[in-house]
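Think of it as A, B, C and D in the order they're written, each chain with its own count starting at 1.
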Amino acid sequence: MNAGKLLSYIILAIVVIAFVVSIALKGFLVTVGAFLTLFIFSFLYKDNPYYKFAEHLFVGASAAYWMSMGFWKTMVPNLFGKLYPPMVAWAVPALKNNPAQPLMLIPLVLGILLLMRLSSKAGWISRWALAFIVGTTAGLNLVRYLRSDFIQQINNTVFSLYVTNASGFDLGATISNVIIFGGVICGLIYFFFSKEHKGAFGAGARTGIIVLMITFGASFGYTVMARISLLVGRMQFLFGDWLGMIR
Amino acid sequence: MKDRLKLVVFLTVIAFIIQATVAFAQSEGETADSVISEQPVTPPPKPVIVSGEDIPNDNGHKLKLNWEYPAEWNDSIVRFEIYRADSPDGDFRRLGEAAGGIFSYLDIGSKKKDDPNYMPNDQNLYYRVDAVSKSGVTVQSEIGGPFQTSGQWFHKGKVPVLIGVVLFAIFTIYFIRSARKGKDLYIRPLAGIEAVDEAIGRATEMGKPILYVLGIGGASDIATIASFTILGRVAKKVAEYQTALTVPCYDPIVMSVAQDVVRSAYLEAGRPDQYSDDLVFFVTNAQFAYVAGINGIMVRDLPATNFYLGYFAAESLILAETGNSIGAIQIAGTDQITQIPFFVVACDYTLIGEELYAASAYLGRDPLLLGALKAEDWGKAIAMVLIIVGVLATAFGWDAFREFLRVNL
Amino acid sequence: MNIFEKMVGLDRRWVFLFLFVVVTGAYFFRNSFSVNVTTTREVRSIYDFVENLDPGSKILISFDYDPSSLAELHPMSRAILMQCFRKGVRVIGVTLSQYGAGMVEEAFRKFGSEADSLYNTHVEYGKDYCFIGYRPYPGFVILGMGENFRIFFPRDYYDTPLDDLPIMQGVRNYDDIEGVIAITSGTTADMWVIYGNARYNMPLALGVTGVMATDYYPYLGNAIFGLIGGWKGAAEYEKLIGEKDAATAGMPAQVAAHLTIVLFILIGNIGFLLSRRSKKTGN
Amino acid sequence: MKRRVPLAMVFIVSLFMVIQYFVPLDSLAWMYQYLLDWTIIIGVFALLLGIWSLWHVSYGKIKQRAENWQYSIVTLAGLFIMIISGFIPGWGNLNNYVYEHLFYYVLVPIQATMFSLLAFFISSAAFRAFRARSILASLLLFAGLVIMLRFVPMGPVSTVVADLAGWILRVPNMAAKRAIIIGIGLGAMATAFKIMFGIERSYLGRD
């Protein structure tokens, strides 16, 4: 038995003992939560069996979680409940007296078509269902993006460059507005694909990327706060809820 | 989405009503104060229903009821109760109430026939308003009506959007046609795209796999669809070079599509035998479980190249940092503006926003796609012109321009 | 490999370990550190706004978040409410978040009694504050309140007619109150700007989560007069009112973490610049 | 059949979606609601495909005794325990003891911890990437540092830093975000257009 293996057995023993002690002192459920938390944190050092265990458990259980959710919250009330309400009356009594909607046969059929892809011969037919989904949202996105991301943003950028305040001309605000105006224009220039970034156009594009970089740095810096809050939250769980060391 | 649209329609409606109400209430108030200031002792007068207006730009089933009431009674009326029936001698149903001092009510009926609050379009409706005084006396108005509501064929507030759609369609069709005729279109180089070949080549040399992450979007998210096209090109190269490819998926529909895309790419490269559905597989559709799974794949399979293209949320940085720690070349791209900074910081190449959508045209060099790219550039040019003209117009105090761009919803 | 190259190529696990130790330590000993929080203009302007109100004036506070963002937003809600109660500024409370009502109701009662014990006030429902509850379609409600609170809220959360509440007497709409502070974790922030301020032009301030904050800075100075972002903003507010609580308690960990990151960035850059120089001279 | 039907379907459905945006009539809203409902239901059917794929890959690993195959047993155990507890008849409202507790004491802690790993990764990313390699990288570094330093008490300098941070967030931040959003709007529209007219059809595969 080599040293590495010996060490891993020692660690396993410690983990098991700590787990048992924790169950005895703090209860089963909070212990499970705490050990899974520690298992995930251990990934920061390197990949290890404990992380692998937590990861695989998480993947399997979460997939099934969403499956059950989808079945009870969507299939039952939205499909079966509308297709033939008495069928699900035992689960969702509120639906009992709703009229049956034969149109709901269409998603049922499309859904079954989708499952056909498991067959190697009739797999192509599943594309009908895909086409339906993609088509629905393509149309929806077309108008949505045009309105909120295009027209609305242009409208927001139309403002007065010259700013006055109570004491007259406001130099600072005016400069800021000019920078915003210039920044938007240069940013747009940067995104031009079919024109070479040369000369004045190239200068505009370079200014554009400068503004982008400043923004990326700032957003990154600001997010640190929110992420540290998450970590503090986990500390609170480990040292407070589990170990009871901080209140 | 639907909710949002509905909401916005509601908002316009209420804005209309509210402004009318205010104008109305204010004019009432001004004349009234001077007339009588003492509390009258006589029984309260009847409210008088003045009008019932159909709300424009909607599907009907909504009506704004206005009535008049002497302002000197404002303080002694607690509320008005509003009733509706489909005939003058029919069964009047209580709809709701308005506080004293308010002289209009927005009746939002149901469009469902079996709903007790059903409000038919294009049929006569009759209303009654009861004033309830502080002392508990209720006075009924005369029955008002008939009023009608109707749905409209076109939402007038959305004209700018319609113009936009039509203009954009014309541009796209024009440039696609000219591209088809063989007109050569220049496109500037994009570092992230040029790195794709090199990144695949590197993986091949090292004999390590390539990891392609489509993100947590659905098959209908624009970013995911852009990513499918890139996946197709990448998979074809990968098949030609005989490198291993791993595509873990978050959404089962995305997985199905990705399987099709990769299978066709292998077929096109002449290596259908190399493809199996195990290359493109489902992990789970829980955000962080998906990330945990991909992290595991990364540290165990040690891919030489990671692609993160599609829709990403907070997980972007977890992926990019883990990928970096195993020394992979990373090419990322997303249209999620909050995540772009993290990719820019932690990846070797990042396609910023629109560049992700453009990537498919770059990789395919298909004239149709290039034409559409040109149309996008024209869209940007128009945006710039609109902004510059708008700023100039505002400088000269001409606000009509800005008003035109406002989409009333 | 010289020392500078080592600085550049430092294993990131050292960064992790250092951060872990620092954050844990700072959180454990949070009461022994006092962090001098620098107050910013955007937070101070909200504080000054409330501070300059006369006792008896009224403001509307909209608590548009639910228990999932409670940890991040409750501290700022508490700080603002405490200041109002102490100053005698009256608060009309509302929530535009579906699951917010119970939480807000509880918060009012809790913070009210805290104010009573801390400042010797007698915060009374109906007189010093009221809570008019929740209505769906936030944009719609914001516009409606611009005309008359009674359009959507004929009665308060406890079903009392608004006119029976002393605080609501003579209050028709935004014109009769001094301003609005919206503490929000979602899209209602946009709605307050677009439908509230743009249409009725009342003074508006926002309190938002840390991730949202950068998106609302552009509105400062035109649509909103103040902005509180996440824990930092809340801690600033707690400092301004001289009443340290949850956000301040989280600050040592935040400051320590930020310092750690800045420190590592400096180490990385010094190493990078010097190793580049030593390479040049070596050549 | 294999290609024409789906492409025609995409065109018809997406055209309908565009039209319903401009026409506020009941009949269209009725159809629109159905379409959205159907999409969601088809999505749930697709989950079955997902579960099948997960089972297939995990089972394959176990059968072949591939590397780390033991952990695939854990995955399948998690999957089946959760499915069984979620599907037992009569527990349709999901208020099942095992299901709920697995959620609150297994899924929630792991998820929150995965999320909190970001605190570490954001630090290591800053350490590695915030280097003054070029002018652009220096700008990124500078803006990031200014924003982070606003946390750090530094006497009178703090006010200057705080004001500068506020300015960066108000001015360049706004300009850049607008430019990116307008670009995204155009790109998304173009992609939607290409899908509608069948120019972009990669999602349908090729055979």
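One rule holds for everything that comes next: a contact is a pair of C-beta atoms (placed from the backbone, for glycine too) under 8 Å apart; a residue touches a chain by one contact, two chains touch by 3 or more.
Treat the numbers as computed from the prediction; the structure is a model and nothing was measured.
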Smallest number of contact steps required from chain C to reach chain D: 1
Interface with the most contact pairs, given as the two chains involved: A-D
Inter-chain centre distance, chain B versus chain C - centres from mean C-alpha coordinates, in Å: 28
Cα-centroid distance, chain A relative to chain B, in whole angstrom: 17
Distance from chain C to chain A - Cα centre to Cα centre, in angstrom: 24
Sites on chain C at which at least two other chains make contact: 12, 16, 23, 211, 213-214, 221, 232, 254, 257-258, 261
Multi-chain contact sites of chain A, meaning residues that touch two or more partners: 40, 43-44, 52, 54-56, 58-60, 62-63, 65-66, 114, 117, 127, 130, 133-134, 136-138, 140-143, 145-146, 150, 154, 157, 181, 184-185, 188, 191, 212-213, 215-220, 222-225, 228, 231, 233
Sites on chain B at which at least two other chains make contact: 1, 158, 161, 165, 168, 218-220, 222, 225, 253, 256-257, 260, 282-286, 288-289, 292, 300, 338, 340, 342, 344-345, 352-354, 358, 373, 376, 379-380, 383
Interface residues, chain B side, partner chain A - complex: 1, 158, 160-161, 164-165, 168, 185-188, 190, 218-222, 225, 253, 256-257, 259-260, 282-286, 288-290, 292-293, 295-296, 299-300, 338, 340-342, 344-345, 352-355, 358, 373-374, 376-377, 379-380, 383-384, 386-388, 390-391, 393-395, 401-402, 405-407, 409
Of all residues in chain D, those that touch chain B in their complex: 18, 21-26, 29, 32-33, 36, 39, 42-43, 46-51, 53-54, 56-57, 60, 67-68, 107, 110-111, 114-115, 117-118, 121-122, 124-126, 128-130, 140, 177, 180-184, 186-195, 199-200, 202-207
Touching residues (chain side chain B, partner chain D) in the complex: 1-2, 5, 9, 57-61, 111, 121, 151-155, 158, 161-162, 165, 168-169, 172, 176, 218-220, 222, 225-226, 228-229, 231-232, 249, 251-253, 255-257, 260-261, 263-265, 267-268, 277-278, 281-289, 291-292, 300, 314, 317-318, 320-322, 324, 335, 337, 340, 342, 344-346, 352-354, 356-358, 360, 368-369, 372-373, 375-376, 379-380, 383
Touching residues on chain C, where the partner in the complex is chain A: 13, 16, 23-24, 27-28, 71-72, 209-211, 213-214, 221, 229-232, 250, 253-254, 257-258, 261
Chain A residues within the chain D interface of the complex: 29-30, 32-34, 36-37, 40-41, 43-44, 52-72, 74-76, 78-79, 90-92, 103-104, 106-108, 110-112, 114-115, 117-118, 124, 127-143, 145-146, 148-150, 153-154, 156-157, 176, 179-188, 190-191, 208-225, 227-228, 230-231, 233-234, 237
